[in-house]
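Step one of this worksheet: look at the structure below.
By letter and in written order, the chains are A, B and C; residue numbering begins at 1 in each of them.
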Amino acid sequence: MAEFTQYVVSGLAVGSIYGLVALGFVLIFKSTDIFNFAQGDLVMVGAYLGFGAMDRLGMPFWAAAITALLVAALLGLGLQQVVFRPMLGNSLLTMVMITIALSLIIRGVVVIIFGPLDKTYPDQLPGGAMTVAGVTLSYVDLIIMGVAAVAIACFTVFFQFSKTGLQMRAIGENSEAAAVCGVNANRMFSVAIMVGTVTAAAGGLLLANLQIVSPQLSDIGLIAFPAAVLGGMHSIPGAVVGGLTIGVIGQLSAGYVDGTAANVTIYLVLLLVLLIRPTGIFGAREVVRV
Amino acid sequence: MAQRSIMLTDYRRDGGLFQRRSSWVVVVVAVVGLLLVPAIFGDRYLFGHYFSNSEILGFGLPQINSALIAVVGAIALNVLVGFTGLVSLGHAAFLAVGACTAALAGTEWGWPLIPVLLLAGVVGILVGVVVGLPSLRLRGLYLMLATLALHFIMLYIFLRFQLKFFTPAGLPFNTASIGSFAVDTEKKWYWTLIVVLGLVLLGLRNLMKSRHGRSFIAARDHDIAASSLGMNVPRVRLASFAVSSFIVSVIGALYAYYLGHLSDTSFSLTLVIGYFAMVIIGGIGSTGGAVLGALLWTLLPQVLTFATTDVDPTTPVIGNMLTTYQGQTVSVVMGILIILILRFRPEGLISYWKAVVHACRRWPYSP
Amino acid sequence: MQTVAVQPVNPPDKRPEQDTVALALQGVEVSYAGAPALRGVTLTVPRGAAVALLGANGAGKTTTIRTIAGLLGLHSARLTAGSVTTHGQSIERLASHEIARLGIAHVPEGRLIFSGMSVEENLRIGATSRTTGGATATMERVLEMFPVLRRRLRDAGGYLSGGEQQMLAISRALMADPNVLLLDEVSLGLAPLITRSIFETLAEIRRESGTSMLVVEQNANLALEFCDYAFIIESGRVLYEGSADDLRHDPQVRDLYLGGSSGESAHTATSRRRPSRTAGWLS
């Protein structure tokens, strides 16, 4: 039983990172209809940016994190202006291909700048753990969950209560109606993509404390998709819930079966969700006129 | 006066292989070209000097053979994605199925090549129909995600299969042989693959000119209208999966024989994405586009690598990039190329070819 | 076709000065991906006036509204000739959000309510392009004018009835504190009583704030009652114009657009009454 709870807790920790990444992904998808295959690569970029700031500029972790987030925001803005803006309105396949191309470019550039060897973050977070009711909770896990929760909370406040958040929700809900109301669509797209990039980078900074920093980090993108689908591709709270659920499922199957089974289980779940309820837990059924 | 444009007045003429008198010229040129390729790109002696392959454009016969395999794979993917509009990421899974069948039937049971290929095709059809089942309920993005899930699940099954019947090192394959004709040199592989490619092209052309092929396109363009005309759209979709996976399975088996050795790492998501890139760059919905895209995607990196191999490492900025990280630089360039093509020519490279042909046919009236 | 009591477009003695013109279109031509929709539309909305744009289905009314609001790009359409000005400022090259900020608010055909968001949020979005202060006061005023919205303030837009949605769409447009209101088919799908009450509220708004209005309507009778002046568009061209009174009493306009004098169904301007040929042939 203790083992089970252990897996659940570590699943929630890594799941909160998945939730953060999936949130950015769903935000981009909801607002711009772009299926961002490169979301995982943006996570990797965040981790590397943090590493670069600490390693080459000698910054302490918190300063490096802030720098990484700022650079990520600029990157997002650049991507929107240069790559996405001229391409808006193209078919799904074309947009997916563009993000795949971006993924190629990002991976190549990261290795060129940082080299192919794996990196590690210096131990920033306190090691050790605390035991509650027979369950060991490592401090690292707790801090990660806490930071992710704060980030998600900040985002939610922004999204639900601010004027820009309202406009972004409008664009995501009905872009024509939003244009009628005078919402500046391009600016909202820029904000959506920037937030998506920053949340991905934040996820990367957190993930780098759990795993080695390597180009393999971008595989987390492949987990963001099932998380988003599980929660409902148009639901932002759904993305977070989906991420947490996938995290737990992954840890449980890795613990009870084996490492490779974790990935397959997650994809089995994705397949089942798609076949049974494609709109996800929080999604609403789409009504389309023929 | 030479014929400038033709009017097709019946289906029989439309389905005919040669619709113009000038088509014969094209055929002759093509055959001559095909004959010249191994001469130019293969190892050969010329004027007493041994030229190894790879010295003209950076690729030789082995790369061309790999490219031909990719061409067939891309053509098959185009049937599914281009003609029928089904976005499926299951490509690597079908290749793996073909390879597995070849490993079992060819290596374990010792069957000769052609029965192995046929068996691979049949197994491919069965697996293809199974993989195609989600397409009956799901469309577009959701179908893509479902096939993505199937990709990972099938790879896991492949890994289990590999560990059960063979070793963790991978699957070994015998030399392919048709009767006493052993396909064991690059040149022989070249001609075998050309024959296969020719058969696939011919078969596909006939299929697409028939009502079955047209039903694929109808199901893509407007499935609800198609079913209101009495078309069994689910059956059409499964048929498309069957055709596509038959071809991919066969080429997967050939691929396995060609490489001689495969393991689960040979069938990555990157491979699938590469095939998508080929089809989209070439031009979705066009067999010629798939051919062009596949050739470009597989051969251009070789050309780029070749062209930049002798760069002086001290050249500012790009020098170090090109010497130490050549592979990454090439893939960055390929990525930028994709974006540029999609931005400025989303219909794909085949549109350039079509524009040329169009202008030639309308001469002297072209603008 | 015999001429009717039509004034020539923009007669010299009536041509208004630039800044008293809330909206002016001159020779506007628009096409959707090569298919022409507007072939030369010229109309004027003087400041404070209510002007009707009438015509049959497919005549080009909504396209005209989209042109003014800068929404052509959304529908793959292009302005190929002509000019659109507001208070003398040319706006045909501006983006839709910039046009909205100039004080032109749009109540679109089909209402386009945000069905997942609450009534209150719908209203708040309306204030996006507002350049003056006092959004809260406007919301109060709007809820006074349409009390049902206050009752359903927290309900999701998609759960409102057609009439309530129309009130919400109008209120949302008013939240932007506009000086020009574009109303596209406000009466579509609504019961006559509700439509009438909405138009009465619109008249009240006009009296209060002097907002200029361009009213696109298929219900020509109602539009001519409400508006001062009207333009009739057919196949992308403005064919008739005149004051509401004149048009209401013109026999040909009555026959074509107002249901005829005895209420029989109208023909379009391009069809003619066919002589009974069969009778002649048989006799």
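Throughout what follows, a contact is a pair of C-beta atoms (placed from the backbone, for glycine too) under 8 Å apart; a residue touches a chain by one contact, two chains touch by 3 or more.
Please read all numbers here as calculations on a predicted model, not as lab measurements.
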Inset, instruction - Point out which chain occupies the most central position, where each centre is the mean of Cα atoms. - result: A
Inset, instruction - Name the chain whose C-alpha centroid is farthest from the C-alpha centroid of chain A. - result: C
Legend entry - Chain centre separation (chain A, chain B; CA means) in Å: 34
Legend entry - Distance between the centres, which are taken as Cα means, of chain C and chain B, whole angstrom: 55
Inset, instruction - Could you give the separation in Å between the centres of chain A and chain C, each centre being the mean of its C-alpha atoms? - result: 45
Inset, instruction - Please give the residue numbers of chain A that touch chain B in the complex, ascending. - result: 35, 83, 86-87, 90, 92-94, 96-98, 100-105, 107-109, 111-112, 222, 225-226, 229, 233, 260-261, 263-264, 267-268, 270-271, 274-275, 278, 290
Inset, instruction - Name, in rising order, each residue of chain A that touches chain C in their complex. - result: 163, 166-167, 169-170, 173-174, 176-185, 284
Legend entry - Touching residues on chain B, where the partner in the complex is chain A: 81, 87, 134, 137-138, 140-142, 144-146, 148-150, 152-153, 156, 159, 224, 269, 273, 276-277, 280, 284, 321, 325, 328-329, 331-332, 334-336, 338-339, 342-343, 346
Legend entry - Residues on chain C engaged by chain A in the complex (per definition of touch): 69, 71, 74, 95-97, 99-101, 105-106, 108, 112-117, 121, 124-126, 128-129, 172, 176
